[in-house]
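Note that the chains are named A, B, C, D, E and F in the order they appear, and that numbering of residues resets to 1 at the start of each chain.
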């Protein structure tokens, strides 16, 4: 199968890193293509960022339409993902929903660990939106971080391990989700120091996307009304035109 | 005070109708300006529509920045409103959140009535997102409607009155929200036939926006990071640039 | 318009302070009258206090019936407010419900800050009763306080600022409600030290009451059954008599 | 043990009926005394009624203080019960909370059946306030009833049986609560026609009150502050005086 | 009445201790018999333990069928209790559900205190399953404990008192449940040091079981289908055979 | 990979049917083995059935330990699945949890359709236990069914299609789960008549199990305490022995 991975921001270096993680996670026979958002922002932090990243994500999906059997949106908060599920006839999975659902199948209670308290509101809202708050044993986040996100996984590695252990021992987590892009790839490195499975969102999303292809008969074709979208680039406009 | 009313879709006839309702609802001394979204869709129905209407709403708000003391986003579902609260230093209120909050202060339990079941999922999600589901006594919607939305308030007037009465008598509603753009302006006409207050979203939003101006000291200025947004028109790009 | 502010306890000095805050918050053209409860308790702390303050609040509202277009009940916990909404044909707004609804329109997540942990249960129950718990980012309360409530805003000012900052930085609050009568009037003084809007219940209630006057057509007159109330003073008895 | 049953309204004929049910439900060795509210209303229907019935209930409890080991408040909605738990050193149980808790121990899912839809909002709010909504399989209520409440149990007996059966067969109720004063005493009569246990609130409250006497060591004496209550009769004033 | 107390594990020394507590809690006229599970595990800790303890509990109940009017399952987490409510025609009450319901009738908010954080997940899940999470003011647990459970009530007595006080003073608990088998019997000893009632699960369950006998008319006999259970001992097989 | 499918009841004919569905759903390279429960009941209907089916499911998993990389428990209600997640080092997925999680990734709101109202309580409880109730648009069940379950998919096919359409058109379902063993295999047959994807639990569980193998690094080995289980067959006893 052909899997498209969309990075919802415009930073190609991040896209390259995500592509590597996705290819490592994919099964033999899955071809992974990865693209950056064709427009938008270099980094997604706030709700406003999330909003403009949504059409950018849809545009990336529209541009490659027909070339993939499933797609992963690799940006915590899953911008554009609910809209994409309406607009595309193939499964589109966000990395945060995939992390929550996979964790919930690996254990009864999952903890969420990340390197900075600043991400907590976004994670909490995303969890609530997905409906799985009752499965979460709690959040464990580091203090404010002002350094280079690209190095935080290294600089705060000891702290992340300690937060994971607190999630397990004090909160009763049976699975831990490592949240936030900068921690991608950290799970295998620290797994020997933590007593429960560690879930990475990109890995989870690749696996869930593979699983959903062909899982459900799609039903009768949904009629699409032609809609006159203006102000966006041609691919997105064509998508709304039906 | 100066109030900007943004219609999140591109239909100027709808904008004109909303402007009339808003001006009627405003207090003396409130100047109302109304604008359509500068781009986007002529009608907002789905989650995908909602998503692209968000940046369009932000663009309308950005274009007039500095010319208003508060803004109302007049589109059920409140596209772009949460992002706008982050980006602008004046109150921005959506018509659905305003309807829910005003109704909750007018009575303990509010019902939601609209002319077609097709709107129910959007209303339910919007209510849940606002956190007020426990205050709602239930939804009462008419059957599928394939006619002209501009005439539904007239054609289904008897049905709407019957739905309002069922909300009161069977569900225990103490206030009823008339939901959906096509029912704007209907409240005063049918009020004599219904035993509880009837809330119109646009009216509620105008009043709430007026109330919020100056209600809370804004606190120290929030630092804005300059962000390089691409792919949108200049006003929105300037807004993200800080 | 004419606004009646009812202090649900019998302490006239508190009533005077509330009246000042209410007058400052009111729009030009709003005439503010303030009254103490005609009987009851000098201070409302417990659920039992809340219960006896309810009829006292209704009696104050009944005594002035016809002389106001809207009323504010200025006592955290909103004693008698739900009953008043049933009994009076004008809007009656409590300061806690107003604070919650206004904060929810100013930002996605609001924190609640007060000077003593002893108030937390009452605040939590009031929040839950209003249905907005999912919008609250958390409570930040000071330790037990045994001093003069009239001086706590001064004595614990630094602490309150620190609690507000923790609400913003650690809990992700985008708005902060300053709860509890003794903190009334503190918001403008500490606003320059806090990065988000600060909501005061009395101010919020005055603004919401103004907004609700005429917002919704009242519907057909509700039939009132004459009820033979005994054991209360004549005004309240007359109110139940229809 | 000595059990006081308080009817929160002033109708002595209702008190007599409740007393009979309570005596039948009590264990040997339990002495049951029953009193009407010393003031207030002849019937409790609305939230305003509930509010004024609260101090009346407290006054009844205060007047007999020292003469009972536990008390039952026999009025659906449990007026004054939360305040009474604060003010008295003996268990005070409301008939609605008792019905919910007893039903929840008799089966996983309980239905609530009553003779008129008009009671549904009050029942739903009371259930939510007690926190047990997730245990309820649903409400089944008859249509509006304009006849003599004293005869509804007889006139609508067939309907009540049908509603109980629907609760069991369609909603999966494993226990059914018969709600509303006019249905008191109906349970044994219709039990042979229904396949699950039927809970009557007064019976449940008598049993729960008996069970709570001495169940928990009371802890160190709670300090009571002397409070200057005015405007109520002497017994209630004395109660607040500590 | 005759009450059977089932210890869901196979440790007779624990059964003896539970029997003493139950006899002390029972009313005059209640005959208490206590039995261990006839098979299973010596200690119940995990969800897997809970699962195998369920049939063992049913087997104990089946073996004594006809010799008791109500039963208590004395194992936190209430293994087998929901199934027992289906299978037996007499009330069967678990100690955790009884503690939650009794505490909820003794006060508005109950805290849960135990000696080790390791029990928190099980307690939280049990509380959620019973539907009463909104009544809980919070958990206060000691740190990990590696010593002899039989001595923890003595060794950590000071800590337990401190946790109870924190539950009252910081969380607003009005009742405290002492959770976990090893704390059985501690309540009377520390009550003089705590300002609110202390609930012990075994005591609560005995009282609730007594109260439920005869509380609700059982309804028409439920038809039982004969079921061919294999792999369990004869008493349980006979129970499923109808 | 090697996948074990456990039918939690003892009916080999059902096991054979499940095995066929599972093999059809599996990817190339997945070897599917299917076994019946080694003891227990021929059909799982009630909570008591569910309870005894739990150890039987664990016994089946224990007997084949080491011969599979992941397991599916094919019985609605997922008996033993939470315990199995604790006891085994490979992913174990229940068909109901898999259906809920897969449906939640295919669309925002999923409906649940089955042939008889008798299954609704079990489905609702299972959904609540999994935490995903807020994602469900509602249940649509046929009336009581007394015929041969093996033929219900054929006999009620028109009804099931109508229920699916009502779920989509009236409740706003974007995905429909066909619940209950007797409907297995129906999805592809009726898909052309329904406008949204149709999820079958067994298919979903096979796909989810495949996806979870290797998804998360397992962390450091969990220490297992040797536990002396009695009264069960040797395989289960050995499992608890560590």
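Methods note: a residue touches a chain if its C-beta (ideal position, glycine included) is under 8 Å from a C-beta of that chain, and two chains touch if they have at least 3 such contacts.
All of these numbers come straight from a predicted model, not from anything done at the bench.
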Determine the set of chains touching subunit E that also touch subunit F. A, D
For subunit A and subunit E, chains touching each: C, F
In the touch network of chains, how many steps separate subunit A from subunit D on the shortest route? 2
Ranking D-E and B-F by C-beta pairs in contact puts on top D-E
Measuring between Cα centroids, which chain is at the maximum distance from subunit A? D
Per the C-alpha centroid definition, the whole-Å distance linking subunit A and subunit C comes out as 43
Indicate the whole-number Å distance between the mean C-alpha point of subunit C and the mean C-alpha point of subunit D. 31
Indicate the whole-number Å distance between the mean C-alpha point of subunit C and the mean C-alpha point of subunit F. 51
Residue ranges of subunit C touching at least 2 other chains are 47, 82, 86, 108, 134
Return all touching chain pairs. A-B, A-C, A-E, A-F, B-C, B-D, B-F, C-D, C-E, D-E, D-F, E-F
Interfacial residue positions of subunit B with respect to subunit F in the complex: 47, 117, 120-121, 124-125, 128, 144
Sites on subunit D touched by subunit C in the complex: 10, 38-43, 46-52, 54-56, 58-59, 80, 82-84, 86-87, 129, 227-233, 236, 240
Subunit E partner, complex, touching residues on subunit A are 108-109, 134, 137, 169-172
Which residues of subunit C touch subunit B once you look at their complex with the stated criterion? 25, 27, 82, 85-86, 91, 93, 97-98, 101-102, 104-108, 130-135, 174-175, 187-188, 191-200, 203-204, 207-208, 210-212, 215-220, 222
